[in-house]
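Would you mind keeping the following structure in view while I ask a few things?
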């Protein structure tokens, strides 16, 4: 089975999940002037920006991973679907965080965000190792050292997301700063030092 | 007529229908704490997961089917559109089930879900047999035994969906368990024993 | 300029517009049982089905038209965008019709639906004739008789949509029956007698 | 890294952002007849049309730009994601403008619209110059004079958007007329004088 339709399907879901984030940015706030609403709504804008960036990073990683793979089987398709289900879920915890950043609900919101990110990481690691184990779905033209390097590169993301989720139990703001900071750090780091 | 635009159009609709499911997962619940909302909302999460998986399975089957087909005519395009209209309808009964899982509306919700799934099955069977009858749209490179095997494989899904819909008249929970269980069973089974 | 990105962009908008129609099918109806809601909501289901089919027909025609064209210029891209803006607008009059089918608002709803369809027809005719005039963007491999036949085939749709819009001023139900009937007639007719 | 998945991802986001604009066109207006609603809602229709056109123009420019580029690196992917985040944000200020065109909130709405457009322009200029500087990602087949001409053509848009945003501080209606007028002027001008 070829991978082109898998990539189109994945691209579409990444794109839709990112674009649906705007629906969480709300126009209506009863009892406040428009100027006040816009100023008051900065958690929505920040949450939009960070989650859009995070979905973008997932897409870049998916993209990078699929360049090494040239076939797919049923199990691989379903691992892909599980990953996409986590990505498409992200607008929900994003909205939770945006709405509750300044009230006591922020802990639950940050934990929900973290669990979604951790679940996505677990799916991505499973997705990749299913393809890479014994070079099951890896293209013949890809050098084994590239496969090994990619395998190593998938684990820090999982650890950071799981750790930040645990941190959210005690300090939701630290956890949220970790998610945003890691995303920004990743963008800068991989732009400067990435080799493709 | 080639099939590439048909596949892109179908992939987009599968992807959008799956991603729109998140809009049914609601943040707002007047008179409850955020923690309570998240705990209280498990039917929404379960409905999201099951319907996302079911749409993913439809996509895999559509994908698998289109690998055997290398042309399209007008009637085939419209059968495809009818199938996609059923898939794109699924977020509605999903929301019905999620909202009414714990009240008396669950029967109607399960029946609506079942009718949508049965309609999708009928469309898919029609779509496939239109293409396969007399090898009307089948690629020359595909062996007839593959076509016959695929034809046989389309019928159990139709029967299960129709049966579960009838079951929903008496026992909506059994019907919903059938939809979820069949989807999980299919994923595990076809991952272990699928040959592509 | 090649036409592949134009087609992907168009396919995506057709697919999204069709899938967004489900957002108009509402779960909530204060003061009615779920069973009553589902029975009461048939205009929403009918409007969903008819508009999904109509968007599907537009997609088929766009698809058919683009097979004859192998290049694009700026004006052609903008005519395409104007057509897509009309298609993407269709969920709004669809919701108007679904909500007001049984009250006095049906006239305005039918007129709005008709104006949108007429605008889409005008855009489509402009889009096609811009490409076809002097074979400006037509592929060399396409016979002129095919171009002439396609040109002729675009006009009845425009006339029917414009006529039904005028009819809506006096009899909105007749107009709505015309839109639905024409769509069904087109599907059956072109499936039976279409030659591609 | 090839650019095809970048283009599919971008096309999907342009298409979704444009299509989501229809969700801002509202059916409900308590205490008004349907006819009154439709007549009353013209700012929504105008905002829909203008923003759809503006997103279409961004898509055309992105399309045009990508024809000159035949590879991508990490930094380029993230600049693309930043641009798409601005485009996908546009439905929010569009809704602000549509809702507040006739009340005192119009100033804030126009400024928000302008800041989004200016941010998109800055991202687009960065995106292009990152690729063009030293012909980093430019295809070998593209003549340097084409690159230079495209570089020059990106600056007026940035200047107009920044200037209109400043104008919005004093005269929001002038600013909004500038955004709409520039879009229409661009469509007519590039259709008449564009050479691809």
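As written, the chain order gives the labels A, B, C and D, with residue 1 at the start of each chain.
Keep in mind that, in the parts below, a contact is a pair of C-beta atoms (placed from the backbone, for glycine too) under 8 Å apart; a residue touches a chain by one contact, two chains touch by 3 or more.
These numbers come from a predicted model, not from an experiment.
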{"item": "Any chain that touches chain D and chain A", "value": "none"}
{"item": "Angular offset of chain B relative to chain D [C-alpha, multiple of 5 degrees]", "value": "180"}
{"item": "Equivalent interface positions on chain A and chain B, same or different at half", "value": "different"}
{"item": "Maximum centroid distance from chain C, chain identifier (CA atoms)", "value": "A"}
{"item": "Geometric centre distance via CA averages, chain C-chain A, whole Å", "value": "36"}
{"item": "Distance between chain centroids, defined by C-alpha means - chain B, chain C (Å)", "value": "25"}
{"item": "Interface hub residues of chain D, defined as touching at least two other chains", "value": "8, 12, 16, 20, 23"}
{"item": "Interchain pairs in contact, sorted by label", "value": "A-B, A-D, B-C, C-D"}
{"item": "Parts of chain A lying in touch with chain B, wherever the complex brings them together", "value": "1, 5, 8-9, 12-13, 16-17, 20, 23, 73-75, 77-78, 81, 84-85, 88-89, 91-92, 95-96, 99-100, 104-105, 108-109, 112"}
{"item": "Residues of chain B touching chain A in the complex", "value": "7-8, 11-12, 14-16, 18-23, 25, 27, 33-35, 38, 48-49, 52-53, 56, 59-60, 63, 67, 187, 190-192, 194, 196"}
